[in-house]
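Two complexes follow with chain A in common, the first pairing it with chain B and the second with chain C.
For the complex of A and B:
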């Protein structure tokens, strides 16, 4: 039995706040849960809060990129918020720059970004 | 990379890596040691991330194995070392395996090459049919 990360709905945005050290299976479950919830709720945005996440390795990094791509296909935009500076430095050195993933420094800025989707050019593929 | 051989402290811990849960335990153990060694926050993050990649490799490609980790000393410096060992198929082409983006499995191909960039010392011994041992060390500045 692996635990599941809760997916909360606020308006037409789904919010996921990762608070535990993620096991790989939990990461895959979250990806599936999010895709299902986007379709079930018709959400137009997804915010993934990683404020509490101490490391993002290539597996979690790939999940973030894949989730952003899947939600885009399901007509929802994803924003990753709250990345720690040490995590950003490590990810880039690891070789993952998450080119297709939109980020914001805080939850508030992330929600704001989703509320005004045209305020920024679309992410490069 | 060179210099005198690092001297391990007596109390190195060994854990088995046989499930996803063990990968989480491996990185938590390395994080505890990195904090004890007073690595900077960025260096802690780099080492724990490297340990996570290597523990997953041990599980996914090596078919499971062990991690041995602890503090090491060289001259007046203290560091954290982690050694990952499996009796899996080994790596037939090491240069290829250390190339960014190359993977024999379903991954991104950044685990081994990325882990090497994130640490100070990196050694890899592998023999086809016998297994693989990867040792990494991060030194306190």
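For the complex of A and C:
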């Protein structure tokens, strides 16, 4: 059985902290869980904390983009926080610039970002 | 004879609630009816309620995008409400991220969204 990534609720925001190695099934479970929680709670924002992610590949990059797209469909904005310098470089090198996904350096800044109204950027294709 | 999807008027907004299986002719009829009603009523917004839609395929996804595009042409903004978690995931997997269509979890939130001025996002290509 694969591990599940917990989805925590902080006020109006859902927090997903990636602490485990992501396998295909873990990601699918996470996207199912997150989509269900957004609908159940009416959350307006999602923070994905990747502080613990040291190495990123195209699979993880696509996971971030897809998860953000699903959340956007359900009217919740996604902020990715805790990105390491090497991860940022790899994502750009992979051509995955996470269009439409906002980032913040820390969890605190990410929560602040979601709390501010009218700060929503234009979604990119 | 195919079923028709009713178009209801709530104040300045037209409400389309998808309760039947969508076939080609049903969708064409709906788009004709909706376009005619937008022009006749001068409605500024359209809410498409897909709460009853449990399974979505690329045909339904394209229908939502096309209907929103037609409404936008006639200066009415579209909000899709009642999207189930599985539907959001499928639409993203199909690569149909409904560019330019806003979503809200509930009919109430969708109507609120249309009532707020200056909340219109930039249309995506």
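Following the convention adopted for this analysis, the second predicted complex is superposed on the first by the 121 of 125 C-alpha atoms of A that agree within 3 Å, B and C clash if a C-alpha of one lies under 4 Å from a C-alpha of the other, contacts with A are read in each partner's own complex, and residues count from 1 in each chain.
The definition used in the following text is that a contact is a pair of C-beta atoms (placed from the backbone, for glycine too) under 8 Å apart; a residue touches a chain by one contact, two chains touch by 3 or more.
Keep in mind that what you see is a predicted model, and the values were worked out from it rather than measured.
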Q. More chain A residues touched by chain B or by chain C?
A. B
Q: Please indicate which partner A:38 is in contact with in the superposed arrangement: first for chain B, second for chain C, both, or neither.
A: second
Q. Regarding the shared-chain residue A:74, is it in contact with chain B (first), chain C (second), both, or neither?
A. second
Q. Touching A:66, do we find chain B (first), chain C (second), both, or neither?
A. second
Q) Is A:89 in contact with chain B, with chain C, with both, or with neither (first, second, both, neither)? A) first
Q) Of the two partner chains, chain B (first) and chain C (second), which one does A:107 touch, if any: first, second, both, or neither? A) neither
Q. What is the contact status of A:54 with respect to chain B (first) and chain C (second): first, second, both, or neither?
A. first
Q. Which partner does A:5 reach: the first (chain B), the second (chain C), both, or neither?
A. neither
Q. Given the touch rule stated above, what does A:24 touch, chain B (first), chain C (second), both, or neither?
A. first
Q: Enumerate the contact residues on chain A facing chain C in the complex.
A: 31-32, 35-36, 38-39, 42, 66, 69-70, 72-75, 120, 122-125
**Q.** Residue ranges of chain B touching chain A (in the complex, touch as defined)
**A.** 20-21, 23-24, 27-28, 31, 41-42, 44-46, 48-49, 52-53, 56, 100, 107-108, 110-111, 113-114, 117-118
Q: Flag every residue of chain C that touches chain A in the complex, lowest number first.
A: 83-86, 88-89, 91-93, 97-99, 102-106, 109, 121-122, 124-125
**Q.** Sites on chain A touched by chain B in the complex
**A.** 2, 21-25, 54-59, 61-62, 84-87, 89-90, 93-96
